[in-house]
Amino acid sequence: MTSTTTAPTSATIRVAVLGADGRMGRTTCAAVEAADGLELVARVEQGDDVTAVLAAAGAQVAVDFTHPSATETNVHAALDAGAHVVVGTTGWTDESRGRVADHLARRADEGLDLGVIIAPNFGLSAVLAGVFAAQAARYFESVEVIELHHPDKADAPSGTATHTAHAVAAARRAAGVAPSPDATESGWEARGADVDGVRVHAVRLRGLVAHEEILLGNVGEQLVIRQDSFDRASFMPGVVLAVREVVGRPGLTVGLENVLDLG
Amino acid sequence: MTSTTTAPTSATIRVAVLGADGRMGRTTCAAVEAADGLELVARVEQGDDVTAVLAAAGAQVAVDFTHPSATETNVHAALDAGAHVVVGTTGWTDESRGRVADHLARRADEGLDLGVIIAPNFGLSAVLAGVFAAQAARYFESVEVIELHHPDKADAPSGTATHTAHAVAAARRAAGVAPSPDATESGWEARGADVDGVRVHAVRLRGLVAHEEILLGNVGEQLVIRQDSFDRASFMPGVVLAVREVVGRPGLTVGLENVLDLG
Amino acid sequence: MTSTTTAPTSATIRVAVLGADGRMGRTTCAAVEAADGLELVARVEQGDDVTAVLAAAGAQVAVDFTHPSATETNVHAALDAGAHVVVGTTGWTDESRGRVADHLARRADEGLDLGVIIAPNFGLSAVLAGVFAAQAARYFESVEVIELHHPDKADAPSGTATHTAHAVAAARRAAGVAPSPDATESGWEARGADVDGVRVHAVRLRGLVAHEEILLGNVGEQLVIRQDSFDRASFMPGVVLAVREVVGRPGLTVGLENVLDLG
Amino acid sequence: MTSTTTAPTSATIRVAVLGADGRMGRTTCAAVEAADGLELVARVEQGDDVTAVLAAAGAQVAVDFTHPSATETNVHAALDAGAHVVVGTTGWTDESRGRVADHLARRADEGLDLGVIIAPNFGLSAVLAGVFAAQAARYFESVEVIELHHPDKADAPSGTATHTAHAVAAARRAAGVAPSPDATESGWEARGADVDGVRVHAVRLRGLVAHEEILLGNVGEQLVIRQDSFDRASFMPGVVLAVREVVGRPGLTVGLENVLDLG
């Protein structure tokens, strides 16, 4: 653990990174240091006393990229230190999110408006692709999803593509849109997985990282929303955005899409 | 001019098409006839008395695909007949739109809530691409636009791409985003047109019709929004949508994007 | 049947179209009329005496877009009339092709060097995409195929994509290349059809016609070969090319790729 | 400099890397070590006596990723040591290549058949994209090139895109193909650079590395050849291929495309 003790200025948000010695944590530290208006005040590693370190460093926001087994404890510890929290670690359940919401409510009752943003994906291109696909889905007769990843990935389709398919399907159901037309009689194994009525295709190709393409079609027209994640550095603009937003957004927010201003 | 005189039912919208003998008009007639809940009650051609025909046919909505020199007169004539209007003809100015708004206000004062939707583009994929590009623009360091058309097109870049570039530029200015980085020192002629600070590239290729691609980039990630218009039939879902919406949307609405439900 | 009797000139190839009243036949007639150096001398329809009409018209090349049940008979009749033949009709077998080769050999023995080109696909973009994919296949660790069609197509994957997959697989086997890596453990239904060891994905989307994409990947790089067939008019440059080539290419040639000069 | 002295076996090619301490050199060393049938026997750095080190190490092939000012001297030194050479360094001229050809001829006269492969680009996807574009160019009415790079690139269009445009233009001239049709009357600045009659567009976008897209169009169809270089590691399959090929390819070969088997 390292901390600096410069006094906070109104223009600067003081940020602590939890899991600072992990891959995402190191990248986050670098991103915080490079971002205008953010100051890295603590690198918290496994074994550190989170509440004590954050309090000593005067951290206003804690960013958690640790481990599913540790993240909930870390969030409560950060709230105890009076810090807002941005969480990129996975493994959250309705129950664990509920306990965080309760904790936030207690702090609010004490007069301290803290915010927590939990996001499974901080990639702006991935999050926006999903949002736009859901917005567009009701206006097209057909929609299919293709996700493309490196060939070392063990599961298919990807969690992001599955999430997109469900969002698309929900939007179409809500608007009363019929299922995508499909006259296929033979060769179903080429037609991809059926995820909530939406066909999802998984490509595995050496050289790729993580990519998603949503195709929407009407008579005579097509809309394609494509996103490419080339590098884990791509999560950093989303993390920095969440840090800037969380200080003004009390309570629990789940999903980066709910932080974005798409007005 | 032909008209049918079936009595309107609550479940059906009675539609007249102005310019029914033109290319877009014929396509519109076919689309109205094919659409659930719409009934084509009049095909109005040049020389017909618009108000009289619409009144006789009991048209609730008039769709105008005529000519820039005729469209404003047609809209006022349709409002005189008590019909809502959907306009796909170009050539509108602030002044002509203002006169329609005034007319609508007078009818509202008389107790008749009529709506007019004027849209330069009814292609859902094109409209949504522009909307999504503007929504996403503030979240990416770089943005460029590529439009691709058949090689018989005389102007570059396309009106749609120019519109998108302005929308993207405005969104970035409003959010205080810096211009896209660009270290180009030589070869500027390859870097496309500068439209409001956004680089726009025009491709002309036999076989293509009308296509637009908006590329947005951050460190390690890319978002691409692509739309293809293969055929003028692609405007029809947007026209049908506007017909359904205009009956419940009093006053003047400009741009199909303002009719869409992107909540 | 119609025929014109202008004397052939050295600069012009006299062409008869068999199946001139079908969709492909009509398009072919228009393409022949529009092509430099080709002259349409006969439109042959069902019931016409092919040999007699071709002989009367002085046709040098017959183009057959008829029906699988008629095409072999037509080819023999055209050869009897001393015409070269370009065949776009499907349904050929090793046996029927063998009988045409035998017929060509007999005519050659008689001192008449005639050529026949049978091609299942005259789309240059589709044919070249398949050729390039096969050429590139041995140089990449991974390869997958995505085909995209309108949703009224009953079979999947498309014949073209299946053909491409086999060509790619054969090229890799010949070069001793290992199968594409794939760590998939769950969700195989999203991974497409296994065609000769190559994953093939079929997308069905309203607005599309016929499209194919071959993705090839190595560490740090990707090659994508994409072809779009928007319209049956796209077959015409290939048909015109085959007409020009067949007069100088005695014997039987199967596949447009074997007519192309890719030196 | 480090060298190993294991005796060469018939199944293994003994490789020395010149410029082993540079970025490309280090990547090459790793690739050689990882490749079946290749053995890294020397890492040669600036100041080392190239001939002596290669001779001592028993190197059969030298790979040069040094500097334009050093590369020609290195090649002659390697030939003096009896090694074949693969060169990825730029800066070669007709004159310097001529001197290498002369040197190779002298060694051949002495009974030693050595090979040198000089390639400005070892990226297989980039090289193949250029080859395929040139092969296809004569068969399409229209062709344009889009290159996309990171925004820190100072020159436009890229050398690779310029090379592709010239190859495409030469192929079309040789086949007597007319220039791509273009009815543009206004807005030429959006139409890209004119490189030998081919329009080339340069996109600069954060997140991208080096990408090229060649679009070819006929009535009703499109062929798109796209290549992505995500990482300098992408050069390694091409380097390894050249090492394997050079031992059986006496004389001077310029361009990786001339090493590929595209039969």
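General remarks:
Read from first to last, the chains carry the letters A, B, C and D; within each, the first residue is number 1.
Simple rule for what comes next: contacts are C-beta pairs under 8 Å (C-beta built on N, C-alpha and C of every residue); 3 or more make two chains touch, one makes a residue touch a chain.
Going by UniProt, the chains are A, B, C, D = 4-hydroxy-tetrahydrodipicolinate reductase.
As the structure is a computational prediction, the values presented were derived from the model and not from experiment.
Between B-C and A-B, more C-beta contact pairs are found at A-B. Centre-to-centre separation between chain A and chain C, using Cα means, comes to 48 Å.
Here the CA centre of chain A is 34 Å from the CA centre of chain B.
Centroids of chain B and chain C (each the mean of its C-alpha atoms) stand 40 Å apart.
Taken residue by residue, chain A touches two or more other chains at 140-141, 207, 216, 218-222, 228, 230, 234, whereas all remaining positions touch fewer. Viewed as a network of touching protein chains, the structure reduces to a complete graph with every chain in contact with every other.
On the chain B side of its complex with chain D, the touching residues are 140-144, 146, 148, 151-157, 180-194, 199-208, 215-222.
Of all the residues in chain D, the ones that touch chain A in their complex are 207, 209, 228, 230, 234. Chain B contributes residues 123-126, 128-129, 132, 135-136, 138-141, 175, 216, 218-237, 241, 260-262 to its touches with chain A in the complex.
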